Amino acid sequence: MAEDLADILHELIIATRILANQKVLDAFGHVSVRHPHNPQRYFISRHQAPELAEVSDLVELNLESAPVKPTEFRLYSERVIHGEIYKARPEVNAVCHHHAHSVLPFCISGQQLVPVFHLPAVIGHVPFWDQRDEFGDTNMLVVKPQEGASLARALGPHWMVLMRRHGATVAGTSLRELTFRTVFGCENAALQSAAMAHGRVDSLSAGEIELSAAHSVRPPSTNRAWDYWVRHVEKAGLMPAKRGAAKSAAVRGGPKTGKKGRSPAKGAKANKRR
Amino acid sequence: MAEDLADILHELIIATRILANQKVLDAFGHVSVRHPHNPQRYFISRHQAPELAEVSDLVELNLESAPVKPTEFRLYSERVIHGEIYKARPEVNAVCHHHAHSVLPFCISGQQLVPVFHLPAVIGHVPFWDQRDEFGDTNMLVVKPQEGASLARALGPHWMVLMRRHGATVAGTSLRELTFRTVFGCENAALQSAAMAHGRVDSLSAGEIELSAAHSVRPPSTNRAWDYWVRHVEKAGLMPAKRGAAKSAAVRGGPKTGKKGRSPAKGAKANKRR
Amino acid sequence: MAEDLADILHELIIATRILANQKVLDAFGHVSVRHPHNPQRYFISRHQAPELAEVSDLVELNLESAPVKPTEFRLYSERVIHGEIYKARPEVNAVCHHHAHSVLPFCISGQQLVPVFHLPAVIGHVPFWDQRDEFGDTNMLVVKPQEGASLARALGPHWMVLMRRHGATVAGTSLRELTFRTVFGCENAALQSAAMAHGRVDSLSAGEIELSAAHSVRPPSTNRAWDYWVRHVEKAGLMPAKRGAAKSAAVRGGPKTGKKGRSPAKGAKANKRR
Amino acid sequence: MAEDLADILHELIIATRILANQKVLDAFGHVSVRHPHNPQRYFISRHQAPELAEVSDLVELNLESAPVKPTEFRLYSERVIHGEIYKARPEVNAVCHHHAHSVLPFCISGQQLVPVFHLPAVIGHVPFWDQRDEFGDTNMLVVKPQEGASLARALGPHWMVLMRRHGATVAGTSLRELTFRTVFGCENAALQSAAMAHGRVDSLSAGEIELSAAHSVRPPSTNRAWDYWVRHVEKAGLMPAKRGAAKSAAVRGGPKTGKKGRSPAKGAKANKRR
């Protein structure tokens, strides 16, 4: 079981490096994964540019986004985005918050993002959230639990939400599905902007969205893209050290007995590698 | 003769790496070549990101897009695109299907792609195909033989067809001609979009298209571009191992006697290196 | 104290490499830092592409932008931009002048740059300056002290000024704040242009600008971005040699006694590393 | 004198690599330099992607664009562009023909290119040429002497000419001035397109163009940019071997006596390094 946890934390770092290498994440943004054995907890890097995170930088938080064990690490001020979505959506096992340059024009213009080719059908309907509506003038960061809960309500049953004058938050049932949806959500945004400049945008029908999305979230598609992105992470010199070489604070600090992790929670399977 | 076949399979991998390195292909898309000695067969990679394909990943399919020999490889679900075009167009010896970001805006907006400078004159007239017209709501993939045949009919006697809300398919009499047409088709799309933003697009006359295309498909042009793209593939560390170092499943699995391949089919010459 | 000065000059070179690597600076543009112990002086590279500057290329100038010690180095003809801003704005300790491609369209079109997401709130209100208004036809360079003073007046109490048909000048209380503001000013420009193409631009409210900017200029934000950009400078092979390995002309030529630098000026603290 | 010639041929290769590395040239386009001792001759690579050219690939042509010595090299079919401009413009010592993606939208839309910031003032007035006007439907290549002469007439006393549905041709009094004008001509085009998308373009006044251009063509500016671009050529692994390591066909094939090159022609000085 510890093996499983280590695998997932390693995969979280790979997903983060992929998203950095694909220019979705830069100095800001963050990615998290739900604990595979305890759905009341999730893992996320300490406060830093996500590309720089190693497994040893991961902290384990409860769904109130408080650290499970005392830590001297500075934490992301916006971690409630993750905690509140995990609370509201039991089937979600991975979350990414980003400010990708392809998506931000929609957050600024208020134009509706719609799937314009088959691969990004996985974004489905993408609602907007404006922090100002409920909270007035703020520093625009989603810091308070009620702010995170408001964002989670705007996300509702969907998989991607645009935050006005801020960025986007994306959810997935697994890290690979999340990565696929996040990258193709960005590609869709770039291509929709380009088609808008042509003067006309043709989008997928409801039936096409449903059928295309159902096909794309299956492992043959998400793994094919994952393997390709991993190759590019390797070429960029960004591949993290192998599993086991580094351990997260959570794993390091955990009990040394053989008792832990005997009851894997429901979320575990969705995060399995293939 | 086996030598010729190995050369062509090696060139298929190089063409694929060029198209990946030129950002035409990403995790998705595929490239194929007709068997040089048997026009009823073609070679294509097993299911994976095309940039990762080696000669040993190639499978030999008949024009029904079924494997000639039993294989455990997962195959591209859209391979009928290739088979149906080879069936309909005897002079075509190489096919590429892609979702390049330069071309997709036209697939989304429905704007007509037209040659806007001399080098892409080789795209000629570019028709549209909308899978929805004939098949209604689908998962947008060209999987059934009749879907592939419909696309081949839309292509007609032309060399490039745009697929609404999906991508493009390009054909050539040889791998080098295909590569040239595919790359310059993408460059034409990017430049036409930029000129559209200027408010006015001037395109080549019918006579200019005919004369320019006739010049560009000659080996001095296609080889000059090929050599340049190969150099960039080398610099990107993407050059496949030399011919002979790896053999395709087809070649490996073939008879060991000296009898095979004595009657090279008509398609062979167009695929020769220079 | 000499230690502090060497640290700051080293940091000036890193900031310059970051801005070059982030495509803000190219063959042209320059970055300076106020002397940490003497507010009447500042450091800037000799005349050359800023990316190529080493600590040993730095010269020490007074606020009239004249070298403190005789030098054979060719100096930037536009160095009065820096001197006149340091003169007018005691709280400014670092200045960057650039022609970034993201910002120039605003200098050419005259469109107002406004913060369109939270991170660039640090640009605040961005005034325009047109050298032609006061000086008629010139070679467009800010060479005369009165030209620099005019630009400083246009900047007024703000932190970024756009120069019509020329570029931008940005100020900061420290090198890290300057770097953060310069990079995110460019990103804001690119994203605002993209949103303008969507037909509508929603910008931060006055309250959001104030609250977001106050958050972003704090070290946790500027250091997080700095560490990320430094990693990319390292990966690009652009990291300067370690502090102490090279000394600026100013430090080299200074007195060898232990007396100098005993009265650090007010500006020093703001330039400290963390 | 031979030393001078070798220096200039080496510099021609560097200029070509700079223009390739700056994405002005790709598989197509070419750069030439006038013979420093004989204004009736010029040097240009044999037919190939310009980035791949070495000094040993250079051929010496007369102003009819015929090789001075028999050669087995395939020559560029468009070399008359160079010969006819050298014939018409004695002060021109270097020429570049390219299809840069930044400039082509203007060739396609017919929009006038105008200097929009100070550095590209060196492009001055940029006329259009349409091969169709005088020659009707062609393959769009400038192959016949009368086609080259027509283009040279369109260039007139200017330094850059746009060719409708084709590309651009740029001239300079030296290789460094040519390189500076070519690169900044492309940057101007990209930025003008971006400003056009903002809805308004403000360009330099006639007086600003004259004063800015006069400043930019001086060696401190052209050398500063050259040194920067050379550094990037080095980082890209594109720097040619040192002078003397390779000799052009012309130099190799020349007389072995000490008599040659005693009367350097007028054009020589303008091509000197600094």
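Per-chain residue numbering starts at 1, and chain names A, B, C and D are given in the order in which the chains are listed.
Simple rule for what comes next: a contact is a pair of C-beta atoms (placed from the backbone, for glycine too) under 8 Å apart; a residue touches a chain by one contact, two chains touch by 3 or more.
None of these values were measured; they are calculated from a predicted model.
Both chain A and chain B are touched by no common chain.
Chain centre most remote from that of chain A: D (centre = mean of CA atoms). Although chain B and chain D share one sequence, what matters here is the overlap of their interface residues, and that overlap falls short of half of the numbers used.
For the pair chain A and chain D, the distance between mean C-alpha positions equals 49 Å.
Each chain gets a centre from the mean of its Cα atoms; for chain C and chain D, those two points are 35 Å apart. Contact with two or more other chains is made by residues 197 of chain D. Contacts between chains close into a ring here, every chain touching precisely two others. Contact annotation for chain pairs lists A-B, A-C, B-D, C-D, with touch applied as defined. Residues of chain A that touch chain B in their complex: 116-119, 121, 187, 190-192, 194-195, 197-205, 207-208, 211-212, 214-215, 220, 224-225, 227-229, 231, 235. Residues of chain B touching chain A in their complex: 26-28, 47-49, 51-52, 74, 99, 101, 104-111, 132, 136-141, 164-167, 193, 196-197, 237.
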